[in-house]
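Per-chain residue numbering starts at 1, and chain names A, B, C and D are given in the order in which the chains are listed.
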Amino acid sequence: MMTTFAPSALSGYLIVSGLLLAIGFIGFFVRRNLIVMFLCTELMFQGAAIAFVAVGRYYFDYSGQVMVIFILTVAAAEAALALALVVLLHRQNNTLDADAFGELQE
Amino acid sequence: MDLFLPYIACVTLALTMYAALRPSPLSMQVTMVAIGVAASGWLIGIVTGSLSAFNEVSHGIFFIIFSLCAVAAAIRMVTHERPIYCALYFVLIVVSTAGLLLMLEAEFMAFALIIVYAGAILITYMFVLMLANQAENPEEPYSQAIYDRIPREPAAAVAIGFLLLCLLTGTVTGGASSLPPEGDGTSQWYVLEKLSHQFETNVLEIAPDFAWPPISEDGHVIQFGSSGPYIVSGDGTVLELDEAMLPTNTQMVGWSLVNDFPVTIELAGVILLMAMFGAAVLARRAIELTEKEKRKVILGHDSEEVGDDR
Amino acid sequence: MSLWLLLLLPLVGAVCVFLANASIAKWISLGVSTLVFVLSVLMAVQYGEWGSAGTGFASHVAWLSQLGITLDLGVDSVAMLLVLLTTLLTPLCVWGSFTAITSRRKEYYAWLLILETAMLGVFSAQDLILFYVSFELTLVPMFFLIAIYGGKNRAHASVKFFIYTFTGSLFTLAGFVYVAWQFQLSQHGVWSFAIHDLSQFASAMTASEQGWVLLALLAGFAVKIPVFPVHTWLPLAHTEAPTAGSVILAGVLLKLGTFGVYRFVLPMVPEAVVAYAPAIAILAIIGILYAALICWVQDDVKKLVAYSSVSHLGFCVLGLIALNPIGLEGAVLYMINHGLSTGALFFLIGMMYERYHTRDMNSIGGLAKKMPVWSFFMVFFVLASVGLPGLNGFVSEFMCLLGTFIASGSAPTWPGVLGPEYAAIAAIGMVLAAMYLLIMVGKVVFGKLKEPDIEGQHTNLPHDVSPREIGILVPLAALCIWIGVQPTVLTDAMRGSVEDVLAPYPLIVQEQLDKPETVIIIEKEDTHG
Amino acid sequence: MLSLLSSLTAMPAVPTSEVLHPANLSWAGFILWMPLVSLVLCGLCAACKVKSKAPATITVICLGTSFLLTLVLWNGYTQPETILLFDWLQIHWDGGSFVANFALYVDSLTLLWMLFVTGLGTLIAVYASEYMEHDVGKGYTRFFAGVSVFLFAMTCLVMGDNLLMLYLGWEGVGFASYWLIGYFYQKPSAVAAAKKAFIVNRIGDVGLALAIYLIWSTFGTVQYDEITTVLQSEAYDASFGGWTVHAIPYLLMLAAFGKSAQLPLYVWLPDAMEGPTPVSALIHAATMVTAGVYLIIRTYPLFMLDDYALPTVAWVGGLTALLAATIAMAQYDIKRIMAYSTISQLGYMFLGLGVVTSYGAAYHVFTHAFFKAVLFLTCGAIMHGFAGQLDLRRLSGLRKMKGWKIVSYTMLVGCLCLAGFPFTSGYFSKDAILAEAFVTQGPGFEVLGWLAIFTAGLTAYYTFRVWFRVCAGPVHFEPGDELHGEDTSSFHPHAPRFAINFVLIVIALGALLAALPYFVPNETENLHGGWVAEMVHDSPARDGVPGVIVDGGQAEAHGTINYEIGHGDILGIDPHKAMYYISAIVGFIGIGFALFFHLYCRSAADKLRGKLLASRATRWLPTAMEHKWYVDEIYIATIRSPLWILGKIFSLFDRYFIDGALVNGIAGLPRVLARWFAPLHNGAIQSYAISMIGGAVLITLLMLFMPEIVEFLQSLSEQNASTEQVVATLGGGK
């Protein structure tokens, strides 16, 4: 049987997940390379994954880990599609600058 | 004053991030990462209190190591101007995360993360990066594309990002005490109950003369006494259960997956399939054919006269 | 069920028109709208509630039953009259557009038919939400009619028309929903949007609540009518709309506002109506005089007639809030008469515009020489509009003013809050109406023949009106005379409904009249104390 | 046609209680319908583009039928009758009703009016059939349709049994007048005159409408006989109706002054001479303009309810008579002179009404209808023959010209009557009014009497100024500007032919014979004034008939009004006797002046004018008189222009303030706000992310601090409540 898990330990994990989320967000915002932007979203996924598992561990609930499986799924799907799109866009404009694709902008 | 310490750490981290985001020489970058890691460590320390919070001290130490590693790699990933390095730092993050998951006794997830992320997704990223990025001269300091070197509005991003972080910090520090009571682990025993074959095998291994099946009470076979869980056989024999009998963590995840989320997992499968199709359709390159070639494809032969009805 | 037939037939027609060949679209829509008219006349003959307060042709269809929203239809006698007006004007509009519309014909006729459905929906809805949906649905076809087939400034005009009236009616919806919500609270969670339920409920609300509901409802209806400060969309929309659009706009769409007042404001919030009636009346009177003076200085004939609508509907509003049967019957009659005579005026201006491509009174004149028949009808309908006795305009104007005149607190049977002074000032509008309309006639119809240079814009229309155009005008003229001579048929027909609406008023007015004095006394005591 | 049909088919929804429907009188409706039939047939002629004199024939036959029916009705008249034609406007409701049926009320007053309306109408239609012949095929049909409309409306006005019928006719004759004044619709002045007539009349109409409202709200009915019943009933006392009974006569007056061209609303009538002359004769001299007189006679009892109503009528009438006479003296256009003369004579009639001699007024209406019709028709004949020439300086010696004798002498008859030459009809009718001004005691009535006598002198002068200039003296003429392809030098006057001459003779005879009714002995006791007096006596206006003591019952009940009849005198002699001599003398003086200035020594007139103009002190007199005292200009400057400018200001206000500033301003607000928020939607995905996170942060913050916020709000409301409590306690304490 698993041992219990102190709330303060949980706080530690959550803070780490928050740090990763925040840094990922900053990255997503400041970077202009499409691929790096996607990497930053993956980073935010990592943060979320840690939080899921930590809270699941705290409650002895394995749904948290199941969620991480879904995150993996989504990340994989996203990677496939997003990268396909990036390839397509790169073919068109020969650049990865997100700001270069602003044709639909007002 | 103690109340504000986490926020001071957050602000320090924010300023560091801001400095790190400016284009600067390597030494400066390293310094900034160091300061950032220190600030993060401080923050984590404040929140966690002491290593005694963890079940084992080693857990605490590994937690610190992995988390600081992850933060350092994250800062570096976000600030590094070369996308390839970003991807590599991300691998480091994934590995650190996997370590943290191990600390959380989620072995399956930890390894799955490494396999799927580091092994599959990141490789795809690398391929695309290499495909898209022109080879540059590594000697040249500013050979990267301009959009990789100049960040967009770092101040605003850092401000909002750390507002978010402060909020999370506030929530975590202020909210830990108000969390509902932690679980008692009985759910695992109930899962064991349902894995009846494994349960029977394990029980009969310990007590071969136990009169299977045990009596159920209130819908549950396993009862909890003062000294732990036990079962009662049909003839009144009481058997104390051992923790070793419990299903493993991986088993538990699998159980949860197929028992609690059967439809969702189907959906996940569909999503993946669609993503595959989507990627195939999107990345397909239209082949430019001349009139002649088209005619050849359609008619199956290379005739000039036939079908020319213009 | 026959109301459903009436409502859906134009819609089916619109689909047919859209699917059909462009060259026969007009014939299909003419056929369908005429069929609807014939049907409505048959219904009017069968209608059993003339003169009584009941609702005829009632049918119940559930829609969103959790919220108590239904598709209930039914018409009282006033609504039935307006239904007849609508079904009459629509085929005439279709017929009147045969030569004027040369491009995108299918959509045009389809929109006209959809518009007819929406208008009929407004008049026959027995459910607030259904009413509101129909009310707003009229905007869409009208928007396209103006935006696609209008004049030079059509884009601006259509957008302004849409947004202005839509903004107003959002407040109306808010008022409706508030009443329904309060009803729901009082009924322990059972929703209803039936007009009957909510009217009964709302009239029992406190005075201040009623005041807010009144303001919310009026925000939509006043814009639609339009009442003085919120009228500016109308001249613009009229000037830019195609002929049929103007006719429908003046003939029916403006009546949606006054009908809304009749159907909702009067039964729902009687106390507030009594409290606000003088203010509304003053706005109406300002509208009458202000718009009349503006008409005087207009150069554009169509704009002149548009402003005259603002002026004329002021009388209608006065009749509505006179709170006595004669005024209210006059107001309803005014709705019909204004639809007939102003509609005909817009037709006539359209005919002139088709021939000369101008509506500027300075560049056109003396058409009596060139177009005697047209001039005859022009003078005729101007006189109907001016209110010559023996024609329709007179009866309603007279009744509205008489209603206002006798609506003083001292009236024995139907005390009101207006009075002779209101009627006397509003009556100046009669002089001004004669003034601006006759000046217009004097310039356009009489005087030396003056034609604009229409080189390069030849139409293959005859000099004077064609038999088709006469065919449009004659029914309207005949109705103008008939109503002028036999108004009693109509006033008798609507009496029951009108008195039903007004039934609670004498008591409330009496209370209101008693109230201010006590307040004054208290204040006096206060100052002494 | 349509209304005719509906009248036949309409079934009275609610039986009208008061109407005893004598079947033998229902044919009287055809007096009303015949003009309508004529209108419809004329309309058919127009639709078929008839190019003959058929419309005239139709109209004459129909109007003649009307006249004959009127005669028959008069012949068989015994007592007032109400004849219901069909239900027109009946509004019933819980607790009341407004009933105005399309019904006829036939009493002697109605018949008096109807006799000369239909009679003159027929004759003038005959006259017009020749007069308008140059327009055959063009406006001919339109003209006769207009005449038919007029007769129909006039019949409604006179015969209607309620005020709403009267209103129908009132506006109807206004419209017919608009139609016929604007007959020459291509002439801008004619169009303007038509418009002016309609609009000025409309002002009066508003007064009438308001009066109807007041009468209905006071008496509960608009039917004449019922109003009378109420007045005679016991419900009537001094407090009856409150302020309304005092307002009613003034509103009715407004209407009457508008229709009958009195101060201040007379300005439309001179301009109305733009219409064809038969129209001027029929509408603007003989019949329509007397509608105001009819209205007041019809509602005479109501005028008795206010102390100052009748004196006001008298003063307005007297002043109008004087003003119009002075203007008429200085005009050169003979038709305009006749127009101002009409206004002046109408002033006499109102004076008569004001000094409580409704009989005198009615009699003057009767005689005036004939002699003024003659005068107008002769003017028309001259205008017709001399290509539109109307300037009395350019015509002379007509009576010596071949073919113009009948015109000249019938005109002389008209002039004699108008001037009040002894033993002509005008002499008697005018005397009846003048004498009564001295008989009746009222505010300044005596002054009015002398003013009226002075005006009579002026009348004689300007009347014979016309006749001596145009018909007497050496033969001389210049054609007008309506030459139909003829040269000025080779111009020959077209002498009138049979139709015109016949009509002139008939009406001139009528004008002379109109004196006879004065001597017809009547059957009622103590009644002077002959046939007309009897006709008036049988109507509600009997108070103003000589020999009848004013029924002071109503009047005295109401206030201080006290018209003492029969106590006045003039220089110590009985006014009626004195007036025979005074007015004869005054008339002779006037004619004498005219004889001198315009026949024997025409240059003296010009010399006198020159002298007046030369002197600075007197220059204003001829100038102002020739310019009609600048009344039109004053109206334009004080009413029309300010209103027009107001309209222009409103138009700009509407465009730039209400629409521009308010509506577009409010509509512009979202745009301004959007300018602030638009950068958020710049299409860059990162900014969307930032707003998303920002929103998430905000929501989280809100959720975190919700308890604190709620607490804060509660404390606020508690504070409020406590303040209110404090206030309430304080207030309660007071």
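Going forward, contacts are C-beta pairs under 8 Å (C-beta built on N, C-alpha and C of every residue); 3 or more make two chains touch, one makes a residue touch a chain.
Owing to the predicted nature of the structure, the values given are computational and were not obtained by experimental measurement.
Chemist: Of the chains shown, whose Cα mean is nearest the mean of all protein Cα atoms?
Modeler: Closest to the centre of all protein C-alpha atoms: chain C.
Chemist: Could you quickly compare A-D and A-B and let me know which has more C-beta contacts?
Modeler: A-B
Chemist: Using Cα averages as centroids, what's the distance between chain A and chain D in whole Å?
Modeler: 92
Chemist: Quick one: chain A and chain B, Cα centre-to-centre, how many Å?
Modeler: Here the centre of chain B sits 8 Å away from the centre of chain A.
Chemist: Could you grab the centroid distance between chain B and chain C? Build each centroid from C-alpha atoms only and quote it in angstrom.
Modeler: 66
Chemist: Based only on mean CA positions, could you tell me how far chain C sits from chain D in angstrom?
Modeler: 34
Chemist: Which positions in chain A touch two or more other chains at once?
Modeler: Residues 25, 29, 98-99 of chain A touch two or more partner chains.
Chemist: When you check chain B against every other chain, which residues touch at least two of them?
Modeler: Chain B, residues with two or more chain partners: 152, 156-157, 160-161, 164.
Chemist: Across the complex, what residues on chain D touch chain C?
Modeler: These residues of chain D touch chain C: 2-3, 6-7, 10, 13, 87-96, 98, 102, 164, 167-168, 170-172, 175, 178, 182, 185-186, 188, 191-192, 194-195, 198-199, 202-203, 205-206, 209-210, 212-214, 216-217, 643-644, 646-648, 650-651, 654, 658-659, 662-663, 667, 734.
Chemist: Quick check on the complex: what are the chain B residues that touch chain D?
Modeler: It comes out as residues 152, 156-157, 160-161, 163-164, 167, 170-171, 174.
Chemist: Across the complex, what residues on chain C touch chain D?
Modeler: 160, 163-164, 229, 232-233, 236, 290, 293-298, 324-326, 329, 366, 368-369, 383, 388-390, 394-395, 398-399, 401-402, 405-406, 411-414, 420, 423-424, 427-428, 430-431, 434-435, 438-439, 442, 445-449, 478, 481-482, 485-488, 491-492, 495, 499, 529
Chemist: Spell out the residues on chain B that touch chain A in their complex, using ranges where they run on.
Modeler: 13, 17, 21, 40, 43-44, 47-49, 53-55, 63, 67, 70-71, 74-75, 77-78, 83, 86-87, 90, 93-94, 97, 100-101, 104-106, 108-109, 112-113, 116-117, 120-121, 124-125, 128-129, 131-133, 145, 147-148, 150-154, 156-158, 160-162, 164-165, 168-169, 172-173, 176-177, 179, 182-185, 187-188, 243, 246, 249, 252-253, 255-257, 260-261, 264-265, 268, 271-272, 274-276, 278-280, 282-283, 285
Chemist: Inside the complex, what are the residues of chain A that reach chain D?
Modeler: On the chain A side, the touching residues are 25, 28-29, 37, 98-99, 102, 104-106.
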